[in-house]
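Just below sit the structures, each encoded as structure tokens.
Shared between the two complexes below is chain A, which has chain B as its partner in the first and chain C in the second.
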Partner chain A sequence: MKTHQEIINLLEDALELDTNSLTMDSVLADIPEYDSMAKLSIIVLSDEEFEKKLSGEQMRAFATVGDIVRFFAAG
Partner chain B sequence: MDELANKNILITGASRGIGFDLAELLDQKGCNLLLHAGSDLGIQRLKEVFGGSDRHCFWQADFSKPDMLAVTLQETLQFFGPLAGYVNCVGLRVRRPLNLLNVATATEAFVTNVVSHLEVVRIITRKGLFAKGLSIVGISSIASHIGSPGVSIYAATKAAMESANRCLSKELFTKGIRINSIIAGQVNTEAYKELMQSKDSQVDLVLDRQYMGLIEPRGVAAMCVFLLSEQSQYINGSSLPVDGGYLV
Partner chain C sequence: MQQSATLSGSSLRVDQIPCVNSTANMYLLAVGSLCWAIDVGDANELLINVGPNRNLEGVFITHPHYDHIQGINDVARSFPNCCFYGSTQTLTGLKDSKLNLSFYHENPVVYSGDSCKIFPENGVQLGLSGPLIKGVPTPGHFEGSITYWLSSYVFTGDSFIPGIPVVTKLKTGNRQESRSSLNLIRTLLSKNTIICPGHGPMKLSEELEDFDFPDLYEST
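So, the complex of A and B:
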């Protein structure tokens, strides 16, 4: 089980952002790196690291980094 | 009687998509089918649909482990008889950006989509294991001809299969064997529906370019039938598009 901070670091790594540049409150729409390839990275991470199928619909519902982190952290 | 009736045809990746529709089409034409799937579920589905006929056989094999193919395929062919056709519909569709393209994923895709195909071709083209006029068809993709983000390894494997087939056409023609590839456009399969489900955007940009719209699996299966038949006797080493206009 990963902590919220570990998941945030995983996202930073996938999006090639500096460590500790994201917080739970970061708004996805304000992150220039959050493009279609970044979204694809999140789908792959979801499948691989958390064994969760992430649908397009769920993807579109994410507004903040916290939304993604909580989705991954939920059992 | 159909030209392909009573011919022995191997379809790999037959449990869904293009392979499945091709199996239905060739069954109607009276072919004897050797139907391959990788998973238990795939084999189960094939047996449910095609198991009623004693003309058909089944072969379960994991294409990510090419070392294991020779023994089971040779055994199966001894029972099934020499092949007049082989259509490879296996295609592990990897979609991931470069930063998540680890060695294990890239290797698995290459082994599954290229190395195993070559291994099957090697086995079935040995003396005594093929019938006169064996025709081999590999299903490739428009991805290997036009670049798109996120599919580098998938595109590379399909391009690799196509170019291997091109070379093999010149090696195998002395045995009277032909080998070609089909460049399939975006096809309306279960895998496609799953892909669209998982995509962030519901707009499929491929279809902007593929101006004739989504291709039904039958459209690709029909090209397989043509390439398996003697009507295509002068076509060898080619990559023929069934692309709904995508490459134009």
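So, the complex of A and C:
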């Protein structure tokens, strides 16, 4: 089970951002790197790291980094 | 944009074919009645451009991301002798829907044939007396990416799209390798080289500016 911070670090890696550049409150719409390729990268991350199928509809429902983290952290 | 050139008596014609099902490009290389393609993202568009009286001899795949290969099975059915060339990793990606990323889209793509070959180091001659197409590994966007060059044309796939930062966020992507590949691609360019990218318009190398290489000249 990964901690919230570990999941944030995975997201930073997927978005090619520096470590500690994201927080739970970071708004996805305000992150320039959160583009279509980043979304695809997160969908792949979801499948490979968390074995969770993440649909485009679910992706669109995420507003903050915390939303994604909580989705991954939920059992 | 259509471009053609004549090489040592054999006429080479290069046409860009934008995919309708994505933003990717394919290119049709024609020498007489024989054709080859760069990438196979949209079978319908490729088959229309090959036409009823020409044969598609082979396809040179820059990298196996779904938008560049999703027409492969339909094209293979239409041209059973067509050979698909690429790197070792690309050929693996043709049969692995997670590696080619189609698994995460509506229609997973898994190449069901066996007519594929690792692109040879010494290149492939187009026809008996046609020009030689060569390739060089340009990892970064994908570890097995190949940039092909033929006469004055360079087919960069997604390893270099003028003015657009290279996407290295996807599986096997690597920013450092991408920078090295961009520098390598620059060495392939002469004044009259025509850059044929995997997305966007073709561009003459003499028209390139520093901002066409945003990964090498990042604004501060």
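For the reader, a short list of remarks on this structure follows.
Operating definition for what follows: the second predicted complex is superposed on the first by the 75 of 75 C-alpha atoms of A that agree within 3 Å, B and C clash if a C-alpha of one lies under 4 Å from a C-alpha of the other, contacts with A are read in each partner's own complex, and residues count from 1 in each chain.
One rule holds in what follows: a contact is a pair of C-beta atoms (placed from the backbone, for glycine too) under 8 Å apart; a residue touches a chain by one contact, two chains touch by 3 or more.
These figures come from a predicted structure and were not determined experimentally.
Overlap between chain B and chain C is detected when the two structures are superposed via chain A.
With both complexes superposed, B is the one of chain B and chain C in contact with more chain A residues. Look at A:M59: by the touch rule set out above, it reaches chain B but stays clear of chain C.
Of the two partner chains, neither chain B nor chain C is touched by A:E6. With both structures placed on the common chain, the touch criterion links A:E49 to neither chain B nor chain C. Within the superposed three-chain model, A:E16 lies in touch with chain B and with chain C [touch as defined at top].
In summary, superposing the two complexes on chain A brings one listed stretch of chain C into steric overlap with chain B, and the stretch in question is 91-99; the others among 91-99, 127-135 or 181-189 show no clashing C-alpha atoms. The contact surfaces that chain B and chain C form on chain A in the two complexes overlap at residues 14, 16, 37-38, 40-41, 43-44, 48.
Those residues of chain C whose C-beta lies close enough to touch chain A in the complex are 98, 101, 103-104, 167-171, 175.
Chain contact summary for the complex, chain B toward chain A: residues 95-97, 99-100, 149-150, 196-202. In the complex of the two chains, the chain A residues touching chain B come out as 14, 16, 36-41, 43-45, 48, 53-56, 59-60. Considering their complex, residues 14-16, 37-38, 40-41, 43-44, 47-48 of chain A touch chain C.
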